[in-house]
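Take a look at the structures listed below.
Consider the two complexes below, in which chain A is the common component and chain B and chain C are the respective partners.
Coming up: the complex of A and B.
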């Protein structure tokens, strides 16, 4: 049995007022490309256009099911999909990239994913994150790379009361412990 | 804590950035032709102005891009930020 980075935290995370739950083993591919035609071709293969605006992400579904494409930099993206799809997606993206300059690398093992939901999500995150998460500044579709409690994370705002965190597997347990502590004052 | 405006990500906390020294220090056209003293000048010697100073910064905990900033060394105010490859903007000190 393969144990996910936050397997031991499943029950404790679920009991938090932010209803935290791990989404382990998602397929993740780091894409570096700047040629607009190649970026469009890769979006067409996934059925999701790549984000054109910094600090946003796009979502949609196609041949590989539900896929999110995260803006990480002006020529850098992270493609996130369901588990066990990294090899076919890597092949499809490399085909779409063609001879354009760029790269597609499987980075699925680098990060695990934690979903937070509920009315306290933004308040809890504000205890350790300096980015303005007010809905007017960080609406759904926002994707920021920042520090949360000194841990490097990718933070996706997926809805009015829902946030997805991508965190490096090796520090995921530290972040889970911090979340548990930050949630104490919101426990009922 | 001071906010630094990344040209890609917008204002972020200072702790997300790393400092990269003086900007616009060109690599010598023909390094092998340099004397030891000229090489030492290129490697080690930097401006130390009192006032606006063009510097390299990296948004290392965010988009991980290098960019340039003009900072007033007397006040620590960032007067302007601009992306790598863009010309240094005119600043009034």
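Coming up: the complex of A and C.
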């Protein structure tokens, strides 16, 4: 009954030398807040502190299972968790935010998530991403909002050879087409 | 005639490559350029000049060549390539050009791409200075990129037979390249020209990756790649170009630069001719003369413009039977398709002597290649001993090393490379590693500076400064005679330096001749600005993969697949693909739209409205914020209710419209037009961040979180009731402009009673994941009523019948809400909102502003073209004709049984009832002005 933006691309993505796969239907909440106490309180209910360093993300586990908190701007974060948790997480975050200035919005279907893995990931992304993804410049834990080819993405460096992309649902198929094309020279 | 030596050069004589030039079948070898292969076959005449049609040959051995333009025919048709930079491949077909090529009308099937690269130190040029710089940087552990335009490293060493440290220079080069390529973090890019240098260490380079493979190039490998390099520090080791001296008839095939002839000899094993005269102002050409003489070329004479010839070199020449005439110059040449004679005379005056030859080698000194340094905003300084502009300052992150500085001694160049490489890594935060030893050369020609001589007096009409532009000394003198003094102006007046070679060999000479003509010092002249690209770059390479389906991202909704499967045609709205209409068998646009309109007005239709912009607005001051953004009052809206709103810019002109839903006391959801979603969010953020940071409001885009389906028509209530059993859909329980959260087709949904057609209508919002399933459930539930999916065209007709404007169609940034007849949407109570002040401007109070009205053609079958002008009289007066306005929307209407239009017309609201005229082709079509609302003026259909 639910359809993810890249459901028709599953096989094609898996065949790429970057072993691409969609992680659909994740719970995602956009949080705007700058009050340190509120941010700490929201981190506490999730069991993972919000990232204090720009262009990073944090990961941890708590009442809502594995949760990642992405730094998107000086007062903007994206909370990502397993599917079907957006409503309880929104309530929990709203409670933690309390009367502090800020907002919590369910944006779960706004973006879908694509995981890339393997030794070619950085090379393939370098065809469309101007951010330096060398391990010395972008170690695991890096989170940037940038352009990949002609569309905006949130890019998470999750490991030595693994990157997660969050892309707007409407352009997910463009991104998949671009990735497939960029991989042409890396096919074995 | 075969001019290939039996041995020598970096070519593979065991493999024969066949190619055709101007239809003639010729052969060459791997390692050749097209130019070297032509010369090996005795072909000097490549093409003819652009204006005068004079035969032109090969002047230089590299990318500085001004004349050897060819068109490659296979495997990709490409115009305006230099024979000196085309690597030979089997099956190559080329033609010489008469100055201009021709773009192929066929699509280029090759792959082109781009790649970003980041480094601590970028070294441009893999000659001695660049190699030592790169290795010095690499040994520090820095990330290093070395780019070089040749197919192998070595730079100037490729064109000489020098020994470094008592072994062939190629071995020294190979050792350094091998160490570089095995050092982690080092990227060596051959066949790669850094063509643009921008601020903050951004450098563009073009790599020719498979051009040299010809037909064997794999289709899956990008033929050319644009490298987008971001570097902390740059070392420019870009070398120097030999420049000629200008004299009468200096453009004949067979006249080439002395060092280039030497390069053809040593790199390709090719002799430039049988009998060569050498004309020089400095020592370096002696080495070319001696090397060629030792290879069997008859060198009857070296003409040296200096008063005295260099003693040691003159002795070496004498030993080889080469006459040296100091204090002499070449005053002219003879020949047509090839030089046959050279006129030699004492500098100053005296009788010319004629020497028979088939080749004339010229050296007028060396120009450091300062293009990238200049692009990086480095200031240039005139060096009077070199007769050239050299880097005139140090830049924080750009260093210059080697002959690009004007230094021409090899050991000194390598030392500069080492110093620059070390300084660069230190500046980038590294500690230099093991010191790279400097090579010692056995070269005879260590001192290369000489006499600065721009031209030899003679027939100025035939003394060519820029051979590609056919620009002569006469042209330069005409420019100075006309009063031009700036080199920039003279460049544009004469076109010198504007051809494919960007004046690599001509620019400095032109500057010298100008200075002489004006009697000024070159040191006081500003050189012309160097601009990217350093060498030509094809548009295909710049486009890269951004073509075809990847040219511009296509945005699709969650329901897109259904629309495709059901035959929808699509309209591009911003980057979105929106269903335009769904034709059934044989239907054209009008037939399909009339059917879709009729079905919707008479029963029920639905469309995919997911592309509407949606912004969540939260915070204690959300209502106050929206009051400022919209012309009407939003803070008074009750939770559970919806209000239409208009947004204006500070000039009071409409920029967007949409609905505002009050979700909670401190939370609203606002919609924007499809094309303006990002712009309006930016607009909100701009006001919040710059003017009203005190407001407790945050805005979040939720456009793609929701799939939105308008369900429209008198039967929409029945369909909704069928899929939302828990929702009381009665008019009393679910009023117009209210919303309810419920379940539709089993999934959580927010249903709004909004109408953009005047009909009873609902807007069903579910998460995008559920969009397709809910759409299909509605189709099924609606089938008893003949539910009809409709597209944007039907939406446009339905709203136009009701006089609802579309932002960007009825408006064009000069239209106020009052012009649209929406004074009702402009609050009189609010103390302030964006645009309010402008409404009292005199201009905005004029009664003859263009206002939105309806137009009914007197003949109900006439469809006015959108954009048509509107005039007052049934006959066109003499121009200028007063235009009253224009048609903004025009459709046939099923509901009205006729055509109609919306238009912006001067004093339109006062003209209701008047007859105006619309010029359509040769006729003036009479139309009646009406109010903009043409259908169901009473609003009787709203509640079903």
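Heads up, the rule we're going with is that the second predicted complex is superposed on the first by the 188 of 188 C-alpha atoms of A that agree within 3 Å, B and C clash if a C-alpha of one lies under 4 Å from a C-alpha of the other, contacts with A are read in each partner's own complex, and residues count from 1 in each chain.
Criterion: contacts are C-beta pairs under 8 Å (C-beta built on N, C-alpha and C of every residue); 3 or more make two chains touch, one makes a residue touch a chain.
Treat the numbers as computed from the prediction; the structure is a model and nothing was measured.
By the document's definition of touching, of the two partners only chain B reaches A:146; chain C does not.
Of the two partner chains placed by the overlay, only chain C lies in contact with A:5; chain B stays clear of it. By the touch criterion defined above, A:55 reaches chain B but does not reach chain C. Once the two complexes are overlaid on the shared chain, A:130 sits against chain B and chain C alike. Of the two partner chains, chain C is the only one touched by A:185; chain B is not. The larger set of touched chain A residues comes from C, when the choice is between chain B and chain C.
Of the two partner chains placed around the shared chain by superposition, neither chain B nor chain C is touched by A:122. Where the contact sets of chain A with chain B and with chain C meet, they give residues 130.
Taken in their complex, chain C has these residues touching chain A: 111, 113-118, 143, 220-222, 228, 230, 545-546, 549-550, 552-558, 561, 575-576, 616, 618-620, 696, 698, 700-706, 746-747, 767-773. Residues 1, 8-10, 12-13, 15-16, 61-65 of chain B touch chain A in their complex. Those residues of chain A whose C-beta lies close enough to touch chain B in the complex are 54-55, 72-74, 76, 130-131, 144-147, 152. The touching residues of chain A, counted against chain C in their complex, run 1-5, 8, 24-25, 30, 32, 101-111, 126-130, 132, 134, 136-137, 149-151, 168-171, 173-174, 177-178, 181-182, 184-185, 187.
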